[in-house]
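Quick heads-up: structures coming right below.
In what comes next, chain A is part of two complexes: it sits with chain B in the first one and with chain C in the second one.
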Partner chain A sequence: MASKNNLLSYIERNSPVHRLTGVTKLVVFLLWTIVCMVSYDTRVLICAMILSIVIFLIARIRLSEIRTVLIFIGVFLLLNDLTIYLFSPEEGVRIYGSRTILFQFSERYTVTKEQLFYLFNVTLKYFTVVPIALLFLVTTDPSEFACSLTRLKVSFRVSYAVSITLRYINDVQNDYHNIAQSQQARGIDLSREAPLKDRIVGLAGIAIPLIFSSLDRIELISNAMDLRGFGKKERRTWYCERPMTRNDWIGIIGAVLLAAIAIGVTLTNGGRFYNPFR
Partner chain B sequence: MKLNTRTIVAIGIGSAIFLVLNRFVAIPTPIPNTNISTAYAFLAFMAALFGPIAGALIGFIGHTLTDMLAYGSVWWSWVIASAVFGALVGFVSNRLAIERGETKMTDFVTFNVYQVLANLIAWVLVAPILDILIYSEPVNKVFTQGATAGLANLISVLILGTIFLFAYAKTKTQSGSLKEE
Partner chain C sequence: MNHPVIEFNNFSFHYRSQAKPTLTDINLKVYAGEKILILGPSGSGKSTLGHCINGLVPHYYKGQISGTVAISGTVANDAVIYDRSKKIGTVLQDSDGQFVGQTVGEDIAFALENDCVPHAEMIPRVEAVAKLVDIDGHLKSKPQQVSGGQKQRVALAGVLVDNVDILLFDEPLANLDPATGQYAIELIDQLARETHKTILIIEHRLEDVLWREIDRIILMDRGRIIADDTPDNVLASGILREYGIREPLYLTALRYAGFELTPQDRPASVSKLPIESIRAPIQNWYRSISVPESEARRDELLTFDDVTFSYDDRRVVLNHIDFTIRKGEMSAIVGKNGAGKSTLCKLICGFETPSSGEIRLRGDSLNNVSIRRRADSIGYVMQNPNQMISKVMIREEVGLGLKLRGVEESEINRRVEEVLKICGLYPFRNWPISALSYGQKKRVTIAAILVLEPDLLLLDEPTAGQDFRHYTEIMEFLVDLRRRGLTILMVTHDMHLMLEYTERAIVIADGELIRDDIPSRVLSDRSVIERANLKETGLLELAQRTGIPEPIRFVQRFIDFDRQEREKWRQKTTC
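Right, the complex of A and B next:
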């Protein structure tokens, strides 16, 4: 079953990044995402990219452990760039306000320096978040994650829902594989050879048992939680809560400062874009 | 905001199922990165059962985790659109009689009217506008993608969501199903 399970998950290891508390990692991850979402400044993005690779090395995660995911993202981004180009080959020209034609396929499909630079930025923007997001996932213990959410003032009821999700992803996945295999043994064909109508009927045949067995599970778990007095008080404590260390504060303060600088640099351009063509 | 235990567990388990359905049970369309997914039919179904808060949170948590666990990064504009979709469909929850085991034609029509509106708002309005604001992507590209995803989800909810609701109502005992002899 493990070979089919190609979702990312926690990798236990002893590194400075692993020893940080979940709160620190969550704060850094959120700040990082916000900065990379706001900024289209190439200089900021490249700095963020280099820094994220450095942190990646510190965490001692091997490239081979996340290779499948990287290939996945690469294909996704390539397709995205291609669609952008097909729909709007002159988007870069519009943004940067100049037009340097390198060569052209047809009247509409020109290749301009501006467009290439814009696509480069789109790709870069996505890739700067990836190492940090991957790190956040593979270095944060799932049970600590819910506790960190509560520390960031998310209601503990919502945090608990997230922790239930993380706990049950594997169970639901196993249920899915069992149901899919038994339905296929009964002759349901989900491959590309089957016509679309048959595939939709087949999907319903898998989805319905999966959903209804899980609805029973909801009753079971919520009864068990109610019987143990869940949610009777306004606060709750967490088994895996850890005290903040010096490194945690360095991490959080460093991230806040860097984020402020990055947004400051972006704003000095008079827009979100860094324009080398001006 | 005070959620009861059953809703909390429904959000947790619902997000896990959303993730698994989104990941494994989808039919690819010819347009890149866009699938006809069973996940949104399920999201609409859960929202109709457990209400707008549950719908929004299942959409948000489920979509965020799907993106994170599969790609390592989150496409926030579409995550927010999922949450909006779940919340909007959720408003139908106290208009339906399925909890009482009734399968009335009007209920399925109401459910589908809500889901069509929710799909239009989420995918033709919210997702493309956020794509432009956050990611500065070309206008015609994001609206085409949004409209395709909206249409695909609309069909998926129309067929599968309705089937789920019908099947659920059949599992409930009808009130007044016992007769004195």
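Right, the complex of A and C next:
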């Protein structure tokens, strides 16, 4: 029941990716993000995207399990591309230093090969980072995530808060479904036929009980934690802590090497952009 | 037994946000190894007393303290909560909500993690304590996935791992099915014997706690200690009813039979009652009560016709369910946690669709009827009122469903006022909901459903967590609604509720309907009791021990008699 609608929460499975420690996954994820954010090099980005698909396969996560999130992100990306084009139609021309016109809408809005290539790179960038971010979320046990954050010198209070939040995503989703159902029974219409205004009002009718029941939940859990001595010392130890294995070191060293190569390749362009128009 | 481990001296506590002190002049001594029940209706201060013991007062709940509380001989009025957690382990009411860890093992280890116990030492300690409470086979499971009884063990292990001397249980039975509750009491008892820990249980379900022996009952009311005595003395004195606590049903039966109880009769346990002296009065009383006529069969309202439901076509949750609810009935759906009871409700409301079979309302198939259309005839009230209330004012909340259905303003006002009168909420009609008590909020949610004029009212655990006074209030209200022609179907764990208020019990176990019968017969069938995690009633044992030939009839007659008594009492108080 609980697994039916979960977005972005941990999916338990036995795969080589799951077996890596949280620290390894966090390090790889951070390096990956830095490289993909810095580089606009199409070659680097395409390689990274292929690699991310390979890792997905290794992690045995099915497409259907993350489809909703992917669709959401896809729509968001299209909107993003559109706004970039509307506000800055000549961005690609400025970056790549040439102007190959394909066709023209109006005086301001021309479609150039350079702009299309730029937008392609932007989209590609997200498609390399987002799957890895998703993968990181669904393959990392929230407690282990907290544990690895503290190893990277983040305060354990902060990291535990993050972990608890991740854990409760599922419960809050279940609450949401229960509340939504009972409110629908009272006549709140959330279906597509209802006018947008009614749907927004309807959502408010769900949000309020959801907030109040979540507040109850928070009071309970914070009392339970206090009663068992949470935060009595400056640091804490972790039950789920696991020793680093050979695979972890291979993963980290591999990620560092790949990141160095990727940055190196990017820099040979003399900038962040790979320019096929020159 | 020389030094008290907990000692309150002229202790009072006043919450910052409250007008009056919640605890007044508490004087209490608890000695090592004692097993104590803290009893009292909601609002009596028993939970606050618990908070003052485990340190949530003043750590989390702020307020004014006077007098002293000493733990192990040292005054601890403002000792840090962490120092107390070394000595006192608290098991909270909601076993799902109190789990912090992602797995059973991690949850047990939580206190050790906070104490910076090294990983190498932590693992064996967790394993040892898991073995002590017999949960060591589930260390890798998620706490939410294990059964109700196992959850209790996980919660216990989580405080025992710290090697505490005192265990405080805050309403441990509130969310458990009857058999699991009974099991929890046995587990606590076993622990008390084997480890010699001091045990404090805060509870209002007296009969369930008395399943195993306890040393003392502390009865609280309005922030004061009313009685501090052995269970036998407290029960024989008869003061419990005055303070809104339900006495065990077998004692009510004895009173009805005109038997005067003394502490020497050992009233705390049905098996220790002096059978020779109670046999005659019980038998005479049994023969004297008349049996009311059974009523004629009524029209069909809701029918389940061979309904099966499974998630993803694999996990079968409900298997070939058949039953019929007739107009004007008040029935209960019972069974253990996770047996499929809430799924049954979801099917009725249309939140889920049967995989096969048909649900009919007045003979018409509901298969293609939308949630909203069903809601015109079937009103569903969730367990937690906070999950239903979405408006600030009572009037708005109750009128919401009508407004969404486009009913005219004047008509809404008329119907809302009418419903508020029925629900006894009319005097509060212009109040904000936040100013109401939990029981009143529950009424608001029922009112908000009633205003839609359904034929069937479906309630999920209508009295969960309520003390006897509120329980009676809610149930009598439902009886009143039923008299107005409403059909009522309830999902419940409460055996008393089922016995006293319903005429039919539909028992679900592991997705199957295993019994559909009058409650007294259900509760006399050992195999049904076992499969559905129900519990035998003390009444039945009383009947068997006093040699009544047909114990089921005894239970049934007791219930009928009790209903009539309640009816008389109602008429006396309302006129």
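Everything below uses one rule, namely that the second predicted complex is superposed on the first by the 236 of 278 C-alpha atoms of A that agree within 3 Å, B and C clash if a C-alpha of one lies under 4 Å from a C-alpha of the other, contacts with A are read in each partner's own complex, and residues count from 1 in each chain.
The criterion applied here is as follows: a contact is a pair of C-beta atoms (placed from the backbone, for glycine too) under 8 Å apart; a residue touches a chain by one contact, two chains touch by 3 or more.
All of these numbers come straight from a predicted model, not from anything done at the bench.
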Fit or clash between chain C and chain B when superposed on chain A: fit
Chain B versus chain C as contact partner of A:161, first or second or both or neither: first
Partner chain(s) touched by A:199 [first = chain B, second = chain C, both, neither]: first
First (chain B), second (chain C), both or neither touched by A:40: first
Which of chain B and chain C A:233 touches, first, second, both or neither: second
Superposition-derived comparison: chain B or chain C, residues of chain A touched: B
Touching partner for A:250 - first (chain B), second (chain C), both, neither: neither
Touched partner set for A:54, first chain B, second chain C, both or neither: neither
Partner chain in contact with A:208 - chain B first, chain C second, else both or neither: both
Which of chain B and chain C A:267 touches, first, second, both or neither: neither
Chain B versus chain C as contact partner of A:186, first or second or both or neither: second
Closest Cα approach, chain C to chain B, once both complexes are overlaid on chain A (Å): 5
Residues on chain A lying within both footprints (that of chain B and that of chain C): 164, 167, 204, 206, 208, 212, 217, 221-222, 225-226, 230-231
Residue ranges of chain C in contact with chain A within the complex: 54-56, 59-60, 80-82, 85-86, 90, 92, 94, 97-103, 105-106, 109-119, 122-123, 126, 144, 158-159, 162, 311, 346, 349-351, 371-372, 374-375, 379-380, 382, 384, 386-391, 400-401, 404-405, 448-449, 452
Residues of chain A that touch chain B when the two form their complex: 7-9, 33, 37, 40, 66, 69, 72-73, 76, 79-80, 82-84, 86-88, 91, 95, 122, 125-126, 129-130, 133-134, 137, 155, 157-158, 160-169, 171-173, 176, 180, 196, 199-200, 203-204, 206-208, 210-212, 214-215, 217-219, 221-222, 225-226, 230-231, 272-273
In the complex, chain A residues that touch chain C: 1-2, 4, 141-143, 164, 167, 175, 178-179, 181-189, 204-206, 208-209, 212-213, 216-217, 220-233, 235-241
Chain B to chain A touching residues, read off their complex: 1-6, 8-13, 15-17, 19-21, 23-25, 27, 31-33, 38, 41-42, 45, 57, 61-62, 65, 68-74, 76, 134-141, 144-145, 159-160, 163-164, 167-168, 171
